[in-house]
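There are two complexes below, and they share chain A, which is joined by chain B in the first and by chain C in the second.
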Partner chain A sequence: MSALEFIRTYAATLLSLGPIAVGVALTVLAGARMAVAASLAVALGIVGVALVLALSGASADPLGAGAMALLAVVAATALCAAGPVLSREFDRRTQPIALGLALMALGAALGAAQTRDLLRLVIFLMTGGIAVAALTSLSVARERAVAPAAFTAVLVTVCAGAIALCGVGLFYAAAGAFDVTAIATSLSASPGREGMVAAALLIAALVAFAGVAPAHGWAADVAARTPHGTASIVIVVARIAAFVALIRVYGLTQAVTGSGAATAFALGCACLGAIGVVAGSLQAIGASDARRLAAHALTAQFGCALIGLAAGGADGAVAALFVVAAGAMTALALVVGAAAARPQLGAAAPMSALDGLAAQRPFVAAAMGVAAFGLTGAPLTAAFLGKWLSIEAALARGWYWAAAAIVLASFAAVFVAGQIIERMYFRERSAQIGPAPAGALSMAPALLAAVTATLVFGWNGAAPLEAARLAARAMTGAP
Partner chain B sequence: MSLWSLGERAHLPLVAVLLIAGVGLAAASRDLMKRLLGAGVAMFGAVSHLVVVTGAPHAVGAAMLAVVVLALAAGALGFVILVRIREGFGGVDARMVRAGVEDDAAQAALDS
Partner chain C sequence: MSVTTLLSIAIVLPLVHAGLVALASRPPGLRDVVHIVGASALALVCVLLLASVGQGDAGRIVAAEPLPGLELAFNTEPLGVVFAAVAAGLGALCALYTVGWMRLTRDPAPARFMAFAALALGATVGVALAANLFTFFVFYEALSIATFPLLAHRSNAGAGRAAAFYLVLMLALAMGALLPAIIWTSVVAGTLEFAAGGLLSGRVSPLAANVLLVLYVLGIGMAALFPAHRWITAASGASAPASALVFAVTAASVGGFGVLRIAAYVFGPALHDAAIAANGVLALAIVTLLGASLAAFGRRNLSERLSYLCVAQLSAITAGAMLGPAENAQLAAGWFAAALQLIAYGAATATLCFAIGAIEAASGFKDFDDLAGLGRKMPWVFAALALGALSFAGAPPLAGAFPKLWLMIAAADHGALWTGLAIAVGALLSFAALTAPVARALFAPVPTDHEVAPDRAPLLIIVPTVAAGASTLLLLVWLHPITAFLTNLRGGSP
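Right, the complex of A and B next:
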């Protein structure tokens, strides 16, 4: 077996268990320098494996392969910035623990994004949730408000895990299997009430895990308090992995096309999406913390994606996947930018930390500016194409209210973008916040990846659209 | 009628009660310790449901063990964080903790 063949065969295992194993090792025994080196090695490894899997086209699961490629790029660039930022946040004993927990959350997220076994999915999501809560709680010595946020993350993980396990158990009772394909086949052959209750429970749990509105409050609290060095993995990677799982489980509810249950699930998802778009956009306007803003913006993008997904058809699913990918890149730039602008003390990154950033870190400010335009869904940004497709899908279904929610959210996002740009370019940084910390160079890969993806795929989205079409076809069974 | 078959018959209503009561307690109780307890009750219901439904075959034994270990780890982590909350806020009353967090946020806004 050649190396390439080995990677293709065991890609899923390597991508999920590899980071978890390294993370456990770092948490238990490593020193700070070794931890940074190990995390960089993991970053290179996951990008390599994910790209081999995505580009070879050998995967039987284009949704999982595409999601892993996206998450691997986001996580790898975030890990490049993690070491230097964490060294200013924690002492030498805590740094490897923080990196180890981040790697565990990353491995769990990659596992959740690709697994087709629902029991494994719940295990991965619970592992990730516990790692995220533990990671957040590391900042408790610097700010007491961190502890309630971490505690809520633990509660959400256990409660959502319990609900998900009940759903998985009901699926097993209905279909005699945990595998998504086997369950879909069984449900389409003999649709029953048990399967639909199971899907409803599992979707409710995944809504909580992903921080989709109305269960998004905890995600914003954790986002505002988690360590800056690993924030991208907590805010972007973990949530998007759960959302990909949500897309997969939603596909199960559409196994019997045109049935009453399928229509009810579609309408329910569209309503959740509309709530998410409106709530996320409005809360982003009022956000007092830059990372909280990024978390709310991602909630709004999830809402937009849910509307596209629920509207149905191949185009709706393509819109959902494209919106999620564009939202990931926008959130990545905002979170990494907030880390570059953060105050010297404290666990938070208040909006006032963005004041005068353009004068001190012009390239970081430019990247955040592009991300801010991406939030609005402005033309020539990747989000524009995703929102356009979502609106088209909603209009084709006759859901004018859903299309109106997306348009209104875009107007709300203009206020958010204006606020970010006004603070960065037209205000002076206060002495109390202090100068922007050093180490912005380590953030260059993340910012460059986010800006490049936002602009290049906004100009020509053929490649990601084709990838999204492949994934959507595999999900919906369309020719 | 054996105990196992009795459990099989009665488990679904019991699981529903445990899940609703547990999640309800975790979401609405004023005492954070009770919230953690509620989450534990919900998880107990879910794990017992899975054991009854699958008949706990060897194939899912490792997964069951993993779920139980994760639930215990989450409980331990929740308890440790609860101790820090008691130290930081002087108690584990949810309203008091929320008021403390809001005070901190207002103070931070004033400072910046």
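Right, the complex of A and C next:
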């Protein structure tokens, strides 16, 4: 077996269990420098495997492959920035533990995004949830307010995990399998009540795991309290992975429930989407913390994606996937930019840390400016195309209220973006905040990736659109 | 040179211009030459484009296709080409004026201003030459962003606040109303391509047509219809080159052009299906026109008074666009009036902004009360000011006279005599608001406490001011070719 073949065959295992194993080792064994080196090696490794998968032709699971490519880029660039930032946040003993926990959360997220086995999905999500909670709790010594956020994360993980396991159990009882395809094949011929209840339970649990409104409060709390160095993995990677799982399970619900129930599920998801898009956008306006803002913005993007997904058909699913990808890039730039702007890294990242950033870190400010415009769905950004597709899908379905919710979100996003830009470009940095820290170079890959993806795919969305189409076709069975 | 080549150059040139100005920020001489040459070259390209289209050539280019069927495309539709030529021509005068102004006031960051001025001009040309609603929206948004630093250029809190208000309002209205309207149009019509005769014609129910028209007019906040007019009045404190660029050449003109373009090329005959909304917008335009004209009297500051009069003049464009062709009428008198008003507005507003800026820069005076006798010290500037003021008032044979005449014809076509009466009253109010102070400046004795050196404004300020003033007379010469150009607004020639 050649190396290439080996990677292709064991990609799923390498991408999920690899980071988890390295993470466990780091928390137990390694020193700070070794931890940074190991995390960079993992970053290179996951990008390499994702690249091999992407270049080796059509995948049997385009949704998983697409999600993997997106998450690999986000995670790898985030890991590049993690080491230097964590060294400002923690002592030398805590740094490897933080990196180890981040790698465990990352491995679990990558596993959850690609697995088609529902039992493994729940295990991965619970592992990731516990790792995120532990990671957040590392800052308790510095700020006691972190403790409730970490505790909430544990509580959500346990409760949502229990609900998800009930759903998975019901599916197994009805179909005798854990695999999504096998369940769909078994139940699509004779949709029953068990399938419907199982789907509802699983979706409810995934809504909580992904931090989709109305279960998004915990995600914002954790985002605002988690260490800066690993914030991208907690805020972006873990949530996006759970949302990809939600998309997969939503596709399953459409296959295994009767037409009436499928319509009810669609309407329910659209309502959740509308709530998310409005709540996320409005809460983002009032956010006093940059990472909380990014978390709420991602909640709004999830809402937008859910509307597209629920609107139905391959076009709606394409819209959902496009929105999620664009949202990931925007959130990445905001989270990494917030870390680059904060001189003393405490648990919080107040918006005032952005004041006058353009004068001190013009490239970081420019990247955050692009992300801010992406939030508004400004034309020629990837987010614009995502919003366009979502609104089009909602209008085609006759859901004017859902389209109106997306429009309202864009409207609100203008104020959010205006606030970010106004702070960076038109405010003086007070002496109390202090100068922006040096060492923004380690954040360059993340910012560059976010800006490039936002602008290049906004100019020509053909490549991500094709990937999203493949995934949507595989999910919906459309020709 | 082929039409498609000219189109490509017109789109790319401002980007190159902006980049070169930013790179050549020192020495100042090189920077200024690059700015003037860049803006003049764009004007030349647009005039060549106008000449080519006049000879019957047509072209279309696609710059990008972000999504299948969603093209960033440009074409040589006559109304757009005329507007591009007018904007680029006035833009060249603005470039000359900007150089003079920056030198006179020793501005700390002229290269930044000039770079964004080039981008704003480029975005305006992009809006003008847009082949479809998507391209229109992209360049409209780009214009909102590019003009923001121009308005904020005066580094005081007031300018910053006004610019921030402008940006947030424009982006919010565009995202909240214009974008949904465009997507809805795409769903209903299956295309976004501008079409003579209206792309919605025959494809939309009366209810949808009414809602869409409201969304479009609301979304184009740059048209400054009440209550969105506040962006102009709030930004009246901007520097003279910024005011000229934003009020006369780019943003405000694009607002008027956008409403006309939507009415003629998106709705066309479907405007009759949206009669309720069209009449509502028409009424709002008239209220804005009269209200702004009256409000102008309460302002003693030159720039503030001008800003209210700009709002009134812009409302006349919207009024013309909503009047359109009367049912079963041969002529699209309303749209033709709106097109003429667009040209007249640009020329007169540029003249007034230049002149008021020259007065402020040379004398430091900002209020009408300070103008007494100043006309004798600055005869060229005040002569231009008088031409601009008379054009606003619709005095023949200046440019402002023709659109007002056609607006009254359109109003008569529709049986909306109240509209014609309001246009006439608005013209009288403009006359009173601007010409009285000009007369005071030219004929009143100079107060003894005024210590003003004779015409301290440099040539680089006086020349574009006078040239812009002279342009208010040129519509007399250009009326026939423009009439021939705009026949496709609705089939027949006005």
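The criterion applied here is as follows: the second predicted complex is superposed on the first by the 473 of 479 C-alpha atoms of A that agree within 3 Å, B and C clash if a C-alpha of one lies under 4 Å from a C-alpha of the other, contacts with A are read in each partner's own complex, and residues count from 1 in each chain.
Just so it is clear, contacts are C-beta pairs under 8 Å (C-beta built on N, C-alpha and C of every residue); 3 or more make two chains touch, one makes a residue touch a chain.
The structure presented is a predicted model; accordingly, all values stated were derived computationally and were not measured.
With both structures placed on the common chain, the touch criterion links A:Leu408 to chain C but leaves chain B unconnected.
Contact with neither chain B nor chain C is seen for A:Ala326 once the two complexes are overlaid on the shared chain. Once chain A of one complex is fitted onto chain A of the other, the partner contacts of A:Met126 are limited to chain B, with no touch recorded for chain C. Touch criterion met: A:Leu380 reaches chain C, while chain B stays clear of it. When both complexes are overlaid on chain A, the residue A:Leu103 reaches neither chain B nor chain C.
By the touch criterion defined above, A:Ile233 lies against neither chain B nor chain C after alignment on the C-alpha atoms of chain A. Once chain A of one complex is fitted onto chain A of the other, the partner contacts of A:Ser288 are limited to chain B, with no touch recorded for chain C. Touch counts on chain A: comparing chain C and chain B, the chain ahead is B.
Residue ranges on chain B touching chain A, taken from their complex, read 15, 19, 22-23, 26-27, 32, 35-36, 38-40, 42-43, 45-47, 49-50, 53-54, 60, 63, 66-67, 70-71, 73-75, 77-78, 80-82, 84-85, 88-89, 97-98, 100-101, 104-105, 108-109, 111-112.
Contact residues of chain A toward chain B in the complex are 119-120, 122-123, 126-127, 129-130, 133-134, 137, 140, 143-145, 147-148, 150-151, 154-155, 157-159, 161-166, 168-170, 172-173, 178, 288, 346, 348, 350, 352-353, 430, 432-433.
Those residues of chain A that touch chain C in the shared complex are 373, 376-380, 385, 387-389, 391-392, 395-396, 403-404, 407-408, 410-411, 413-415, 417-418, 422, 426, 458-462, 465.
Interface residues of chain C, counted against chain A in their complex, comprise 64-68, 70, 134, 137-138, 141-142, 145, 152, 160, 164, 167-168, 171-172, 175-177, 179-180, 183-184, 186-187.
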